[in-house]
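Quick notes on the structure that follows.
Chain IDs A, B, C and D follow the sequence of writing; residue 1 opens each chain.
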Amino acid sequence: MRVGMVGLGKMGGNMAARLRDKGHDVVGYDTDPDSRDVDSLSALVGRLDAPRVVWLMVPAGDPTSKAVQELGGLLEPGDLIVEGGNSHYAHDRQRADELQRSGISYIDAGVSGGVWGRDNGYGVMVGGAAEDIARVEPVLTALTPDSGGGYVHAGAVGAGHFVKMVHNGIEYGMMQAFAEGYELMASSGIVDDVVGTFDSWREGTVVRSWLLDLLVRALNEDPELASLRGYADDSGEGRWTVQAAVDHAVPAPAITAALYARFSSRQEDSPAMRVIAALRNQFGGHAVAP
Amino acid sequence: MRVGMVGLGKMGGNMAARLRDKGHDVVGYDTDPDSRDVDSLSALVGRLDAPRVVWLMVPAGDPTSKAVQELGGLLEPGDLIVEGGNSHYAHDRQRADELQRSGISYIDAGVSGGVWGRDNGYGVMVGGAAEDIARVEPVLTALTPDSGGGYVHAGAVGAGHFVKMVHNGIEYGMMQAFAEGYELMASSGIVDDVVGTFDSWREGTVVRSWLLDLLVRALNEDPELASLRGYADDSGEGRWTVQAAVDHAVPAPAITAALYARFSSRQEDSPAMRVIAALRNQFGGHAVAP
Amino acid sequence: MRVGMVGLGKMGGNMAARLRDKGHDVVGYDTDPDSRDVDSLSALVGRLDAPRVVWLMVPAGDPTSKAVQELGGLLEPGDLIVEGGNSHYAHDRQRADELQRSGISYIDAGVSGGVWGRDNGYGVMVGGAAEDIARVEPVLTALTPDSGGGYVHAGAVGAGHFVKMVHNGIEYGMMQAFAEGYELMASSGIVDDVVGTFDSWREGTVVRSWLLDLLVRALNEDPELASLRGYADDSGEGRWTVQAAVDHAVPAPAITAALYARFSSRQEDSPAMRVIAALRNQFGGHAVAP
Amino acid sequence: MRVGMVGLGKMGGNMAARLRDKGHDVVGYDTDPDSRDVDSLSALVGRLDAPRVVWLMVPAGDPTSKAVQELGGLLEPGDLIVEGGNSHYAHDRQRADELQRSGISYIDAGVSGGVWGRDNGYGVMVGGAAEDIARVEPVLTALTPDSGGGYVHAGAVGAGHFVKMVHNGIEYGMMQAFAEGYELMASSGIVDDVVGTFDSWREGTVVRSWLLDLLVRALNEDPELASLRGYADDSGEGRWTVQAAVDHAVPAPAITAALYARFSSRQEDSPAMRVIAALRNQFGGHAVAP
C-alpha cells in the first residue's frame, strides 16, 4: 500500500527502507532535503490518495506536536495519522481528541528494535480503534518480524505508547542489572575472565537475552569498555515510567534505581554528596558553638 | 568417563541423567534410598577407580559441608571433588585449603539452567586449577549445551560460585524489572491486553529474553496469575550478591531492590510501616504534651 | 488584623485559634455549619474590609481549586488570597496568573507542624511577591513560633509549596530511616530494650530530632506498636517530590524508597511478586515444552 | 573512680577530658607519646588497682583486636575491658568469650556525639552483663549528658555496638534525606533562598533535628557548599547495617540508598555506567551482524 512517512532519520529511514523492501510504496518527508521524496508536508499529502495514511517518526515533544498540528490542517476527514515516535501516552489522547473534531483518525504505535529492526523486523505496539488499525495492517505486517510475532494491539489510543514506555522501563532495569553484575565482577579481584563469563551465559542460563548478546558484542570489541565514559543519557521514557508508577502507586524500585544511576552518571559533582560531606565535617570535625 | 554424583534431587538427578545420555558412567548417591545406586558415600568411593572424581549436588550450607568433610576422609591423594551446588565462594576456598593438606583437589562449579537443563544443557561456571578442570572436561562438555557454549573457567577456586552468584543477582534484577512492568501495566487501567503485550515483546524488542519467554508461558497458563500469591523466597545467592557488593563498595541498587522486594513479600505485616503509621499518628493526630 | 479563614478543620481550626489568641480578628468559614462564623464565602467576603485577606486551609485539589475560583468571583482588585493548604506549586502559578487578570493577588504558604502547631507555632514557607507578603506579616508572625524562627520567603509564587513539598519529602526519608532501624533492632534477636535504645538516643546522639521524640512517645504508649497495622498512607507531597526529582534529573533514592515502602504497605498482595513467584516456578519447577 | 583509657584521639581524648572534669582519675595511653600518661599498656595496667577497668577508644578492626589481645595477657581475673570503639558486634562476642576463659570481663559501649560530646555529653549504648556494667556506672554517668538521658543497656555483649551500628545506619538515611532535599531545591530554579528555607525549618516543623542544625551551620559558613567536593567516605557501620539487614531479611532501602550514594560519590568513573553506555550504543548505533 501507499503510505506517507514523516521523519527519515535512523528509525524512520530504516522503516521506510524495510517497507519498500516488502513492496510498499513509501512517500517520505524529512527536514533534511537530501533524504526526502517531497519538499513539504503539503506535497506529501498531495502525493497520497484519500483516505490517506501518514506515519510519523519525528523526535518526541515539540517536533511531533508541530507535525501533527500541521497535518491536521492538511488532511481530510477519513485520513489517518500513525504516531510512531516516542510520544507520551497522555499527549496521544489529546491529539486524537483534537483531530477527531476534523474527522481525522489517530493511532499510536510504539516501535522497538533500534538499528537492528530493518533486517530483524520491529516490535510494534499499537493503541487505537480496531478499524483504524485494520487499515494499516499491511504496513504492520511488513514492519514486524517475518516470524509473525512482535505485534500487539494494546488498547485504546495511548496504550501503544504506554506499553512501549513500560517496555523501555523494563529495559532500563535489565540493563542496570547487567551493569551492576559487571561492576561487581570487574571490581572483585576474583574473576579472571569477565568477558568469557558473560559469553558463557549466552547458553543454558536464566539470564540469556538479547541485551546479554549485545553486551558480549561490546565486550568483545573493547573488553574493559575503556573507550567509554560512565555517562548515560536517558531518553525520557524511563522518567515517564517512574512517574506513571508513582501516579498509580506501583512500587518500581529497580526501574527507578536504573534511572537515578543515569542521573548520577551525568553529574560532575553531586550537590547532595556535598551535603553529606558538610554534615560529616560538622559532627566529626572541630566544634564551634552554634 | 566414570564419575560419582552425590545428590540426585531435581538438579543432580537431571544432570546424572544427561551425563548417562551422553555415554558417561555415573555412580549416584542420595540420602533417599529410592534413587541411589549405592547406599553410602563409602560405597560410592569404592565403586570409583583412582584418581576419582566426585561431583556434589547437595543443598548448600551444612549438607554440602558435611559431604565434603566425609569425602575428605574417604578419598585418596589425587582424587577430585567438584562442588556443583550453591556454595558461598569463601567456603570453597576454605574447603580447598583443607582438602589440599590431604592431597585432594577441589574445584567449584556454578550450574544454571534449572529443570530445562537436562534437555537444553546447563550453563557451567568453574573455578579452580586448570589441570584439575581438565580432568573433568568430558563431563563439562556433556553438561553444557550441544552448541558448545555455556562454559567458562572464571578463575581460581571460588570464582565459579562467585560468578554464579553474580548471575543470580542479575537474574533477580531482571525478574524484578519484568515484575514492576507487569504491575504497572496491570494497574494502569490503560492496557487491555497485558499478556499479548508481553507475548509481542518476544520478537524484535530490546527486552527479549528467556525470562520473558517463561513469563509468557506462565501468563498463558494463568493470565492474571490468580493462582499465585505475591510471595517470593530467596535462595541466598541474592543476599550474597548484595553483601559482596557492599564489601567491594559497588553500588547495586537494582539488585538490592529486587532482594528487598522479596523480603517485603514474605511479611504479613511490616514492623517498619507500623513505625510510619505511629509517627503519622503522632504528628497528625491529637496532641498530648510529651 | 482582620483576616478571613476558609477551612476550619484540624489545621485551619487550630490556626484560627492561635491567631485569635494572638489578638487577630478571624472570620471563619467551613462547610461544616457547626464551626463556622459565616454561612458562605460571600458572607465571609462581606465581613472583611477591602483590601481583604483570605487564608485558605482547604483540602488540596478540587476543594482548593473551587474555593479559589469562587473567591475570584467575589473578591475585588487589591484583595489577597493566601493558599495555605497543600497545593502543587504548578497549580499555584496557574491560579496566580488567572487571579492577576482580576487584580487579585495570590501567595502560597506551606504550613508545617501538625496538631502541635497551635501551641508551638507553625513553620511557614511562603512564595509570592514581597509586597503581598508584607501585607500579612502580622498573621505570619502570629502563626510562627514565638522564638522568631520558622519563617521563610522562599521565592516567587509556588516556591512556598515547593519547599513545603521538599520538606515533606525529607520527612518521608527520615521517617523511613527510623522505621528501618526499628525493624532491624526488633527483628535481630540481639536487642533486649528497643524502646530504651530509642529513648537514649534523644540526648547526645547524631539522630536526635523531633521525629525521634515522637517515636519514643509512641513506643512508650505501645512498646511493640501492636495496636497498629503496618499500613501507611501518603498525602501526595511525597509523590510530588519524587516527580519533581525526576523532572529535574535529581537522584532521590532514599525519599523514593520511603514512598515505595508506603505503596507496598497498602497492597494486600503484590502483583509484581506474583510475577517473581511465577518465574521461579517456571525455571525451577517441572518443565513442559514451550 | 580510677579508669584506664586506651586511645586518646579525637574521641578518646575528649572523653578522658570530660571524665576528668567530672572528677574521675583517668590514666591514659596512646601510641602518640605526646598525649599519654604512661608509655605502655603494661604500665597502664600497673597504675590501676585490681579489679581494674580499662576503656578502649582505638580505631576499629586490627588496632582494637590487638589492644584487646595484649590487655588479655596483662589483666587479671576480675578485671574489666570496656570496648568503646566501633567494633562489629560479632567481634565483641568472640572477644568476650576468649577473655572469659581468663576470668576477664568484657562489655561493649557504642558512643555517639562526635566532637560535641565533651561539652554536651555522649550518647552511650552498652551491651554486656548487668553486674559488669554496674561497675562502670560512675563513668557512664559522667560521659552521658547532665540531663540524665543518653544511656541504654541494650542487651548482652555485642548489643551496644549493634544498636550503635543501627544508630549510624539511621543517621545515614537521615543525612541522605536532607541531601536529596537540598539538591532538589538547589537544582529546581524555583527556590530563591535555600539557606533561609533550611534555617526556617529549625522551628515548628517535622524535620527539626540536630542534623538540620548542623546543616544550617554549614550553609551559613558556605551557602553553596562550594568549598566541598561531593565525595563522602563511609565509616563501615553503614555497611554493617545493610549486611545485618540482609542477614535478618529486613528491607532497608533508604539506608542502603544512602550507602550506595556514598559509594558512587567516590568513583571517578562508574564501570556500571560504562555498560549502560555500551548497551545504548549497541542497540541504538550502527549495527554489525553478531
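Definition applied: contacts are C-beta pairs under 8 Å (C-beta built on N, C-alpha and C of every residue); 3 or more make two chains touch, one makes a residue touch a chain.
This one's a predicted model, so the numbers in the text were calculated from it and none came from an experiment.
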Message: According to the touch definition, list the chains common to the neighbour sets of chain B and chain D.
response: A, C
Field: Separation of mean Cα positions, chain C and chain B [Å, integer]
entry: 46
- prompt: If you average the Cα atoms of chain A and of chain B to get two centres, how far apart are those centres in Å?
  reply: 33
- request: Report, in whole Å, the distance between the mean C-alpha point of chain A and the mean C-alpha point of chain C.
  value: 36
Message: Counting only residues that touch at least two other chains, what does the list for chain A look like?
response: 114, 176, 178, 180, 183, 187, 206, 211, 249-253, 256-257, 260-261, 264, 270, 272, 283
- request: Pick one for the touching-chains graph, please: line, ring, star, complete, other.
  value: complete
- line: So, in the complex, the side of chain D touching chain B is made of residues 206, 234, 239, 242-243, 246-247, 249-253, 256-257, 259-261, 263-264, 266, 270, 272, 283
Query: Taking the complex as given, what residues does chain A use to touch chain D?
result: 10, 114-116, 119, 175-176, 178-180, 182-183, 186-187, 211, 213-215, 217-219, 222, 225, 228-233, 253, 261-262, 264-265, 267, 269-288, 290
Query: chain C touches which residues of chain D in the complex?
result: 89, 112-114, 117, 120-125, 144-145, 147, 149-156, 158-159, 162-163, 166-174, 176-178, 180-181, 183-185, 187-188, 190-193, 196-197, 199-212, 241, 244-245, 248-258, 260-261
